[in-house]
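Pasting the structures in now, so scroll down.
Consider the two complexes below, in which chain A is the common component and chain B and chain C are the respective partners.
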Partner chain A sequence: MKENLRQCFDFISSLKLTIFLLAASLVLVFAGTIAQVHLGVDEVQKQYFQSMWVWCPVGSQGLRIPIYPGGHLLGAILLVNLVSAHLRRFRWTWRKLGIHFIHAGLVIMLAGGLFTDLFSVESYTRLGPGEAKNYSEDSRKTELAVIDESNKDYDQVTAIPDAILRKGGTIEHASLPFRIVVGHFYDNSQVTMMDQPGAGQPAATQGIGAQVSVSPLPVAASQESDNVVSAVIEIVPQPQPGEATAMPLGSWLVSEALGAPQQFAYGGRTWRLELRPRRYYTPYTLTLQKFTHQRYAGTDIAKNYASLVTLIDPSRSENRDVLIYMNHPLRYRGETFYQSGFDKNDTATILQSVHNPTFLAPYVACAIVGAGLLLQFALQYGGFSRRHKSAPASC
Partner chain B sequence: MARNVEPLAIHASRSTKRGTRVAAVLKNYPPFQIARWGLPAAAFATLATLAAIDLSGCKKEEGIIVYRVSKAAPETTASGSAAPEAPEASAMPSMSAPGDQSAQAVAPATADQPAQVTGSAPADWLPQPLSAMRQASYVVKGDNGASADISLVILDGPAGGTLDNVNRWLSQLGQAGMDQDKLSKTAQHVAAPLGDVTLVDLEGLPSGGDATKDGRIVGGIVTTADRTVFFKMHGNAALTESQKVPFIQWVASVRLDPSAAAAAAPAAAQSAAIPPAIAPSGNNAQIQWQVPDGWKSAPATSMRYATFNTSGQTGAAADVSVVMLDGEGGGDLQNVNRWRGQLGLDPVTDEDLKSLVVPVKAKDGGLLTVDMSGPTSRLLAGWTRVDGKSWFFKLTGPESAAGAEKEKFIKFLESIQFHP
Partner chain C sequence: MLKRHLFWIGILIGLAWLASNTRLPKSAPGDFDIATFGKTPVLADGRLKPLDTVARTSLVIIHGKQTLRLDNGETIEPMRWLTDAMFKSPVADSYRVFVINNPDVLGVFGWPQAQRKYYSFAELSPFLQKIDEQGQKAEAVESSQRSHFQTAIINLRNALILYQGLKNSVAPEEADHFANEIAAYLNQLPAGVAATRAREKGQPYDKEKFDTMGQWVNRYQTLSDSATLLAVPPAAGSPNQQEWLSVGASLLQAISSGRANPVVKAYALIGDAYRGRDVSLFNQEAQDLSQWMQLREPRASGNAAFESAFNQLAPFYQAMGLYVLAFLLVAAFWLSGNRSLNRAAFYLLLLALAVHTFGLGARMYLQGRPPVTNLYSSAIFIGWGTVIIGLVLERIYRDGMGSACASLIGFITLVIAQHLAESGDTMEMLQAVLDTNIWLATHVVCITIGYSAMFLAGMLAIFYVVRGVFTRTMDREAGQSLARMTYGVICFATLFSFVGTVLGGIWADQSWGRFWGWDPKENGALLIVLWCALILHARWGGYIRQRGLMVMALFGNVITSFSWFGVNMLGIGLHSYGFMEKAFPWLVGFIASQVALMAIAAVPLRRWRSFQPA
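What follows is the complex of A and B.
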C-alpha cells in the first residue's frame, strides 16, 4: 500500500508528467484555435478552455462523450504536479531559494489565470460624439429589463438575465406586481412583418408583436454575426386571495430586432419592456469628446485609434479628460477601458471594459518568477565562481 | 595532486556543515513552514475553488437585479449637463421647484458633504431634474428651437483648477486652449456671496455641433477653501448672449448652506439655519430649522421631506424623518395608534391619548409630541398642521439611541419656523 502511494506520488510529481501536460496544453490550444472557425471565440472558450473535458456529441440523442481534457482539468493537474514536485524536492537551502520563488510565481500565475477566467467580466461601451454613458453592455448576454417609469425622477429597473428567460416557466419577483410567463425564447431569430412573404402567426397578442411573426434561426458562431435574441412573454397579474389564477393581460414580443420598447399599464403605473444587452452600471460617467482614427498615409491601415473622454465621478469629485488609445487604457475603480474599435464612419468609439479583480496576478507572478530566475542564476554563478577561483590553474 | 584537492574538500565540508546548521535552526521557524506548506495550501485552495465552481456551475447562475436610473440625462461635463445616477442609489435627489425669482433649495451633490444651494433664478429658466452632480439645473428656450443649458456643480478640492476647466470648455466648443496670461486678460470677475467668481465668455461651434443648442459658453468658477463651484450656461450663441446678464445676476445671488458657506464666506457661516426649502413636490412650503450637532443629513426621498441620521456615543443610531402631507394627514389618534403598532404596543383610546401628548412650542407655532417605547425600540414624534399641510417629525431607534437624542430632538422641534 505504502509502495503504491509512493509510486503514485512519484508519478504526479514527475517531470515527465509536466512535459506531457504542457504538450497536451499545446494540442488543446491548437485544436481550440482551429475550432474557432466554426464555433466562434466565445463558444470555444467555453467548450475547450473553461471546461474539465472537451465533449463530442454522439448521434442525435444528445449523448456526449469526453474526448480530451479541457483547460480547467489540464491546469488543475499541472498545479498538482507543480505542488507535488515542490513537496518532493523541497530542501531548505539558500541554493534552492530561486527555485522556490519560481514555483511560487507559477502557482500565482496558474491560480490567477483560473480566477480571471472565473471572475472577470468583459463588456463594451459604445459612445457617439458628445454622448455620455454610465454603463457598459455585455455583447454576449442579454437581459429583459422591466422598467417601472411611473416615478417622475427615476426609472426602477428589474433586470432579468437571459439565463433565467432561457429556462422558461414563470418568473416572480418582489419588485413586480405581476408574474412573467416566458412562452418562447430564441437565441437567434428572424422577425418578419405580417404583410411580408413568409410571415407566420403573430408572435404575440399585444404591442408590435401582434403585427409581426418570429421564427428561430441557428445560433451564429462567428464574431461578425449578430444573433437577434427574442422572447415572447405573457404578463399575468398576481391572483387575488381565493383565486387560483388570474387572467393574463396579454403576451408581448420583446426582441433585439425591435427599435422601440414595449409598453403597458398595470396597477396605475406605466411599464416598459426591453430586451437589450446586459448592462453594468457604474457610479461614474464617460463622455466622448473626440475620437481620432489615424491611418498610414495612402492606405486604409490603421495607425492609431484614440478616444478623448471626460470622466466624471460625483462620488469622488473626479472631473478630468482622459485619452484612451492603444496600449494606454484607462484604469478606474477596478475597470480597465481599452480602445477596442470604432463605428459610424469614425465618429463613434467602442471601448472594451474589463473588470478583473485579479489583473495584477500575472504581473506579480512574472516579477516573482523573474526574481527567482535571477536569484538562482546568481547563486549558481556564485558557486561556480568560488569553485573556479579555488581550482588551481592548470599548468 | 592531494594538495590540489584538499582546499575544495575543506570548503565543501564547511559549507555543508554551515548549511546543515542553518537548516536545523530554520526548520522550526514559521517562514520555513510557510515556504514548505504555503504553496500546497494555496494550490489546494485553488483546486477546491475550481472544483466547487465547476461542479456547481455557480458562475453561470445570475439572478434578477433591481436598481433605479435617474431620468436626468447623463452628465457630459462637470459643469455641462445632468449627471448619472449610480444604480445602487436608493434615493433620488429632489426636484427643484419652478423658479419665480424665489429662493430655492436643492438636493445634495457631493457624496460626503451635501451642499444646499439657494439662488434667484429668472422665471423663464425652466428647472430640470437634478442629479448627484448638479445642485441646480435649468434650460432656457429661445426662438427657432434655440436653447441653453444652465447648471451649477460643486466639486471637492480645486477640481483641476480654473485654467484647465476653462480650456476644457474651449475644447467642447472646438476651440484651442488659452494660457494663464490670456485668461487673466479676458476673464471678468463677479463679487458673489461665495467669493470672487472668475467669469469667462467663450464662443465657437464644434465640428458637427448643433447651432440651436451649442456655440457659446458663459461660465463662472469660484474656488473656496475646500470646494470649487462651477456655474455654466452652454447653448445657442445669440440666446446665451441675451441671457448673460440674468446669468450673472443669478451667479451673484447663489449661496450655499452654512456648512458649505463656512469655507467660502465666513460671514455666511454665522447663520446656523438651513435656508428656506421648497418641497420636493413643488409646493411652495417654506420651513427652517436648526439641525442639532451630530445629525447628518441624508438625501430626501419621494416620501420624506428630509432625513437625518444620528449616531450617539453608544454607537446605536436613530433615524429622524420629516414628512409633509397635504391636508390633515389622518387623525391624531389614528397616527399615534399606527406608530404604537409599529412599536408592538396596543392601541390607545382618545382619552388615553390626552395623557400621552406633550405640547412643544416652536418658533412660530406649536407642535404636539409623544414619546413611546416598545419592547425593542422607542419613538419620539411631533406633528402640526400649517397652511393646509400636515408636518410629521419622527425619531425612531433603539431605546438607548432615542433616549440620548431626545433632548436634541425637542430642541430641533423648538427651532422650527414655518414662516421664516
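What follows is the complex of A and C.
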C-alpha cells in the first residue's frame, strides 16, 4: 500500500508528467485559438479553458463525449504536479533558489487564474447623458423581474435568474402571493407581430403576448450577445385550502425583444413583469456627465474615448467626478470600470466592469517570478564568469 | 596577397553600395524643384507628414509600388506623379497607375482578360458608378468572408476615392488659373456677403450677387469635402494646433476674414506655374511656401523635411543590400576557410545594423513612439533584435554561424516589412487602445525580442540540419557549439517571452480589469512561453539531446510565425489587423518547410553525411 502511494506520488511529481501537461496545454491553447473563428472568444473560454473537459457533440440527440481535458483540469493537475515536484525535490541551496522562486510564483499565478475564472464577474453599465445607475448588467445572463408597484415609496423586486426559468416547472417565493409556471423558455428566439407574415399562434393569452408569436432560434455563439431570450409563463394563484390547483390568471410572454414591461393586477396590487439583463446592484451610484469620442483630425480613427462620471457613495461619503478613459479604468470597491464602447451617436457610454477578488494574485506572482529570474540570471552569470576566468575559452 | 586584401574588398563593396544609393532629395537645376515642394507638411490620415510621403504611400496603395513606369519607358517619381495629379489632372489621368489583378473586375467593365494589369483613370472613368455600386455591395460583407473579387473591387474603389481626393485637395481639378479665381472670389465677397445678410434679414437684396455667392460657397464646400489632404495650418495662436484645414475650408473661412490664407495662395500659384511650365515661378513659390511654413510651423516643417530625407535615404533598403552582402561573405568564408572574409562580414553586419538602427530611430523620432506600433514595425524590430543577438553569438563563437543567421533573418524580415508597407502609411496613427507609450515600450518590445530570439534559434537549427544532413562539414565540436548557441538563445527567448506575456497581462488588467482574456494574440504569446518551457524541461530531464533540441527549435519557428502572423489572419479579437490574404500562402509554405526540415532531421544519424566516423 505504502509502495503504491509512493509510486503514485512519484508519478504526480515527475518531470515526465510536467512535459506531458505542457504539451497538452499547448494543444489546448492552439485548438482554443483556432476555434474562436467560429465560436467567438466567450464561448471558447467556457468550452475550452474554463471547463474540466472539452466536449464533442455526437449525433443529434444532444449526446456528447469528453474528447480532451479542459483548461481547469490541465491547470489543476499542473498545479499539483508543480507543488509536489517541489516538495519532492526541494533543497535549500543558493543555486536552486531562483528556480524555486520562479516556480512558487507560477503556483500563485495558476491558482490565481483558477480563482479568477471561478469567482470573477463581468458586467456592463450603459449610461445615457445625465443618466444615473446603481447597478450593472450581465451581458449573457437574464432575469425575470416581478415588481410589486403598490408601495408609493419603493418597488419591491423579486428577480428570478434565467437558470431557474430554464429548468421550467413551478416557481414559488415568499415575496410572491402567486406561483409562476414556466411554459416555454427560449435561449434565443424571434418575436413576430401577428399581422406580419410568418407569424404563428399567439405566444400567450395576456399582455403583448396575445398580439405576437414567438419561435425558437438556434443559439448564436458570437462575441456580441445577440441572443434574444424569451419565456412564456403562467401566473397561478396559490390554491385555497382544500383545492388542489387554482385557475391560472393567464399566460404572459416575457422577452428581451419587448421594449416595455407589462402590468397586471392581482390581490389588489399592481405588478410589473420584465425579462431583462441580470442586474448586480452596487452600494454606490454612477452618473454620466459627458461622453467624448475624440478622433484624429481629418479621419475616423478613434484617438480616445472618455466618460466623465460622478461617483456617489453615501456610505463612504464619496461624491466626486471621475474620468474613465482608454487604459485608465476606475477601480472602486473591488470593481474595475473600463471604457468599453459607446452608443446613441456618441452620447451614451458603455462601461464594462469586472469584479475580481483575486486581482492581486498575478501581481504578487509576477514580483516573485521576477525576483526568481533576476536571482537565477545573477547566479548563472556569476558562475559563467567564474568558469570563464578559470578556463578561458579558445576563441 | 589577395587573401590579405579580401577584408578590405568586402568592406569597400559594402560602402560602395551605401554610397551609390545615398542621395538626398534634390531636383536637377533648371527643372521644377519638386524636391522642395515635396517637403511641404500637410495633415493626412491624422498625421503631419511631407507631401513626399503622401505621394509614396498613395502610389503604393494605387499602383502597388513606389515607382511608376510609363508606356514610353520613362520612370516617374512618386512626387512628380502627385504634382501632376494635383495640378495637371488630364495628364495624370492618362497614366496607367491603377493596378487590377483580378480578371473578374475587368469582367464588370465588359473587358476580356488582358495582358496588362495597370489602367489609367481615363480608361476607368466611364465605370466609376459601377465600381462604386459593386464596392458598396462588397463592403456589406464582413472582411474575412469576402471573395477575391470583392476584396479587389473594394481596393479599386478605395484607390479611386484616394486619387480623386488627391486631385481635389489643394485646387479644384479643372481650375486653370486658380490664383485668378481666388482673386475673383475675394473680390465679390463684400457684395456677396452683403446680399446674403440682407436676404437673411428679409431686406431687399441683389439676387445676382446672392446667387454668385451661393455658387462660390458650393464650389469650395465640394472642394473641402473631397480633400484628402489638410494643407493649411491653423491660424497663428490658435488654441488647437491639430486643427489643420483643407484649402476648400480655408477659402470658406475667408467669408468672415475677407482674406485668403497665404498657404492657399501659394498652392494656387505653384499649381498655375506648373501648368504654365513656368519653372522659375514654381521654384520661387515652392521656396516661399517652404520658408513660410518654417516660420509658422517650425516643428511640422522640420519633421517633414527630415521625413522626406528619410524616405529618400531608404535605410531599410540599404540595410537589405548589406545583409545580402554579409551573408555572401560568410558563405565565401565557409567555402574558402579564409577568416578575413568572416571578419569583413562581421563589420559589414555592424554597418548594416547601424543603418537599420538609424531607420528604426528615425521612425521612433517621427512618430514619438516606442519602436513597435504595428505589424510593419514589428518586422523591422524582429530583424534588428536578431541581428544584435546574432552579432553577440558571432563575437563569442566566431564560426560565421551568428553572422549567417543574423544576415539572413535581417534580410528576410525587411523583405516582409516591405510587403507589409503595401497597405499604405507605415506610421499610421494608433487606435485608442494602443495609445500608451509605457506598455508599447515594455510589453510589445519584450514580446518582439522574444520573437527575434525564437527565429534566431530556429535559423540555427535550420543550419544544423541542412549542414549536418547534406554536407560533411559538421563534426562533433561544431554540432556541440551550435547546440550551445541554440540552447542559450532559447533561454533568452523564454525570458523575454515570459516577461513580455506577463507584462501584457498586467496591461490588460490595468486597462480592462482582467489579467487574461484568451484573446488570440495573448494565446499566441502563451504558446511560445509553453513551447520554451517544454524545450527547457525536456532538456533538463534528459529527454532530448542535441538533435531533439534542434527539432524543437524548428517547431519554435512554426509556433512563432503562427503567433506573429497566423493569429492576425483569424480576423477576431482585440489584436487583429484584418485578414491578410496575400500572406496566408506564404505562412502555410513556411510552416510546411519547417515541418519538412523536422522530418529530415528525424532521418537516422547514420544517414547524415556529417558526424560519420572518418
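The rule we apply is simple: the second predicted complex is superposed on the first by the 351 of 395 C-alpha atoms of A that agree within 3 Å, B and C clash if a C-alpha of one lies under 4 Å from a C-alpha of the other, contacts with A are read in each partner's own complex, and residues count from 1 in each chain.
Here is the rule we use: contacts are C-beta pairs under 8 Å (C-beta built on N, C-alpha and C of every residue); 3 or more make two chains touch, one makes a residue touch a chain.
Everything quoted here is computed from the prediction, not taken from an experiment.
For the composite obtained by overlaying on chain A, chain B and chain C can both be accommodated side by side without a clash.
In the superposition on chain A, contact of A:Tyr305 is made with chain C only, not with chain B.
In the overlay built on the shared chain, the residue A:Arg166 is in contact with neither chain B nor chain C. Aligning the two complexes via chain A yields an angle of 120° at the C-alpha centre of chain A, spanning the centres of chain B and chain C, rounded to a multiple of 10. Within the superposed three-chain model, A:His184 lies out of touch with both chain B and chain C [touch as defined at top]. In the overlay built on the shared chain, the residue A:Leu26 is in contact with chain C alone; chain B does not reach it. In the superposition on chain A, A:Gln289 makes contact with chain B only, while chain C stays out of contact range.
Once the two complexes are laid over each other on the shared chain, residue contacts for A:Val83 go to chain B alone; chain C is not touched. Here the smallest spacing between CA atoms of chain B and those of chain C, following superposition, is 15 Å. Per the touch definition, chain A reaches chain C in the complex via residues 15-16, 18-19, 22-23, 25-26, 29-30, 32-34, 36-37, 40-41, 44-45, 49, 112-113, 116, 120, 122, 223, 295-299, 301-305, 326-329, 331, 335-338, 352-354, 356, 359, 362-363, 366, 369-370, 373, 377, 393, 395.
By the touch criterion stated above, chain B contacts chain A in their complex at residues 4, 7-8, 11, 19, 22-23, 26-27, 32, 35-36, 38-40, 42-43, 46-47, 49-50, 53-54, 59-78, 81, 83-88, 92-93, 95, 109-111, 129, 131-133, 155-157, 159-160, 168, 171-172, 208, 302. Here chain C touches chain A in the complex through residues 43-47, 230, 242-244, 246, 396-398, 428-429, 431-433, 435-436, 439, 495, 498-499, 502, 505-507, 509-520, 523-524, 526-527, 530-531, 533-534, 537-538, 540-541, 543, 562, 567, 570-573, going by the rule given at the top.
Against chain B, in their complex, chain A makes its touches with residues 52, 72, 75-76, 79-80, 82-83, 86-87, 90, 92-94, 100, 103-104, 107-108, 110-111, 114-115, 118-119, 129-130, 132-134, 151-161, 163-164, 171, 173, 175, 281-285, 287, 289-290, 310, 312, 314-317, 319-321, 347, 386-387, 390-392.
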